[in-house]
């Protein structure tokens, strides 16, 4: 179908989305601020906000507090955080999180559970559904769920959301999204995404990289995941498998990796490698974040084995980052998950390797940062992903979802 | 099951603790109660020990002396007995707040009273001149002590110990060995011995209860509207209720006819109680709502930090001694009014220890930085009840001293232990 | 022109070498030092004194000390030290004990006066003769002993000595609101409540309150003396990330630290003092751990530092 240009309706839809996106990401804003930031005139802003208000997506109110006392205060447009929400799922190797996230990015409520390593993936679904149902039950009566997304530590085919491979979470060919959507029965699909890709999205939109359009996010869990944002968009590749930085081979013939290769970044820098080098490998019961922190604390206290372990891991990580810097010339590299701890604990080594291993031109300006969203990068990313549809076409989506009911109050 | 998701609140509460953005600004009863419990566990006891002490002492003495302790006459007597201690303690609170001590407050009150009495008797001055002179005497004493402590940095206990001795000498010189000066001025005598009309007592009690509740509720509303940290409304209401109940019940008891003979009527709130009430409100306001008060706490908490923040520490130190001795002078006037005379040993003996004890029992820390004006009232009542109760029981003097000493030590121990709790609660 | 030629080299190079210093006044020595720092700045000589003309994208340093000499009596502590801190960047000041870090910081904060040299703030020559003068300019120093009142809560500490008033009384609501806004702008998520007493906070949280207090009212430069010393892993991470955010908000941060991991983790530039001389001020991206350690311990590292 060919069109001469965007129709009036297209422009309106675009503007509605842009305005909603603005208050969703930047928080409540006055009409004056909106007009200025979006480059629209005030009457357009007023028309758009009244449409969004009618759809129950935003509300307008007088600014709180004294603020400027003189003059007529401009009405503040706030997202309807408690009435429009998404469900965000995070499936980690060690933990499961389900959260109800309101428009504007507010985590309204969450359920969190510890997941023992090597437990049956079939149980997974039941637990996620139970958590989500209890969240939905607690929601306000007139609240509407506008989307759902799940972050998963594995490779996911974009076309049909099929999990192709989860090396650290043995699930194999699984269509978790469809199953979850069916069991929830909310009439919304559940998208499934790679966790580190979501992390990259989250850090780009709400974290360290808000003003950076070319960033690389590295996420450490048991494995190492990655997400690449180029020109403000997630780099997915042909089928959406892109960004698997963890399986970039940096040490040919090195430690064996769960993926079958040897010397992947994950194999040399991941949790197992660090714990192995630190001699903590055999200790049962201590895994994940706590074990990594233990190594850092030992190193801080002067333990030479732990320091040596961090030094080795730091060297490989520095090499990996050097390669990324040379290939992508990112403005920022963000370390999340356990890599956040490892970066802060081995920064001297990582940056030394980077200084000698990367080209001077892309290296000069690259910023190395830790994830500002802490442990919630995947969860926030999942929420952002779930909001994507409603932000693209706010009124249409709302109308469809509220269809069985009468018009919103 | 290897996986489970905790059913409800726990995760949400953890989130609220960890995430500043979702900082709990409005508390519900449960979270506020939990906060309070945590505070107590961390050694922030506040007025709790004093209130518990007060209740248990009342129960104890009522059990031991059922017919006399809670009699109308004794309750009225108790209220005037507590007046001078309370006023002295209120001054001591200011000095303790900056982490100093004033051992001369008692004798300063005695000297100020002596100045007043001499001016009345020998000078023939009107009552207001004498009272102003007494308070001025107190303030001058406080200024000198404050200057020695704040500028020369002589430890306050040494300075005030020297004043403790020296001022007694001046009082002795003023009044003459072994003598007493009678105080017969109607107005001054009325402070501690005359009562206000019953209608006025009720009016003031109702007004104060309503005023307290109104300020608390207005503040709560303002905080809620602006999205600030606020207590749950149930707490605010309960607090206002307790204050109102305390005010109205004591007004009721004091308004009863307590005359020993049926021929005359004697009832109402003593005027001195009004004086204490006004000063309590004033001191609470100064300490809690003004920058000056905030700076007093800061100097007591960390003088170096206060200095770096640009606070004139010297001026604060001098001023608290001025306030301390000024209030001591007022206390001296009230004591003279109650006894109708000023003796050479006025304000000596255990007066000062009672006042310090009252402040500490009330919850003011000996280490500085913690305390409120109301501590003086609560602690003063505890001390007065002990003194009064032991008197009723006819306890021997040595036992009286022992018991009061033990109570003071107990309060100081509690203060020290709470401080240790506090310093280990952080980190 | 020797110095100018050096300025266009891609990597920051040795500064303060004897050959330059002997060539002219302290000012020119300092100028050549700063020369190697901003790649786009150009040295222009006018009337004997070195002047700087920023070019294109270059940023004026918020803080710019040149050719500072400082002696205590006959003891010479700082010799021809030049030091700059840029807005939006963290400049780590490293050096052994006795290298002169504290003296330099005290000169920055107006606690000490210096014998010779130039002090520029946002490009303008200024005289900072007292801590108060430094504060007025927007230069704050957070010392290791934090100077907080433990008996007061977070808001009360943040506003201590500069309380907002409404008539006679304190404007508690306004202060709480301002504190809340300021802390959320810095993404401080870990204090629990702004009405908590400082006594109940952890060491890391206290550090954050102390820093927040320093920058609450329009600070432009903040000097942090070992902010993560004596803290556990989790807490020092928290403080480091907080410091990084401060700089990302546009503040010029000077970080004094002995911990090379901390320095490399968050700093943008490293300034190394060795026996009272500034032996290098370089981009963190350009140096290795080994070089910095050598600069600290021997004054030279690779092609950096003092020329022997």
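Order of writing sets the chain letters: A, B and C. Residues in each chain are counted from 1.
Here is the rule we go by: a contact is a pair of C-beta atoms (placed from the backbone, for glycine too) under 8 Å apart; a residue touches a chain by one contact, two chains touch by 3 or more.
Quantities reported herein were computed from a predicted structural model and do not represent experimental measurements.
Averaging the CA coordinates per chain and comparing them to the mean over all protein CA atoms picks out C as nearest. Farthest chain from chain C, judged by C-alpha centroids: B. The chain pair with more C-beta contacts between its two chains, of A-C and B-C, is B-C. If you average the CA atoms of chain A and of chain B, the two centres end up 57 Å from each other. Inter-chain centre distance (chain A to chain C, centres taken as mean C-alpha positions): 34 Å.
Chain C has its Cα centroid 48 Å from the Cα centroid of chain B. Residue positions of chain B touching 2 or more other chains: 19, 21, 226-227.
In chain C, the residues touching two or more other chains are 177, 189.
Counting only residues that touch two or more partner chains, chain A has 65.
Every residue of chain B that touches chain C in the complex is listed here, in rising order: 17-21, 23-25, 42, 44, 222-223, 226-229, 285, 289-291, 294-295, 297-298, 300-302, 304-306, 308-311, 369-370, 422-423, 425-427. Residues 65-66, 208, 293, 296-297, 300, 340-341, 343-352, 354-356, 360, 363-364, 366, 368-370, 372, 374 of chain A are the ones that touch chain C when the two sit in their complex.
If you check the complex, the residues on chain C that touch chain B are 132, 145-152, 156, 160-163, 165, 168-170, 173, 176-177, 180, 183-184, 188-195, 197-203, 206.
Those residues of chain C that touch chain A in the complex are listed here as 10-11, 174, 177, 187, 189, 232-234, 237, 240-241, 244-245, 248, 260-266, 283-290.
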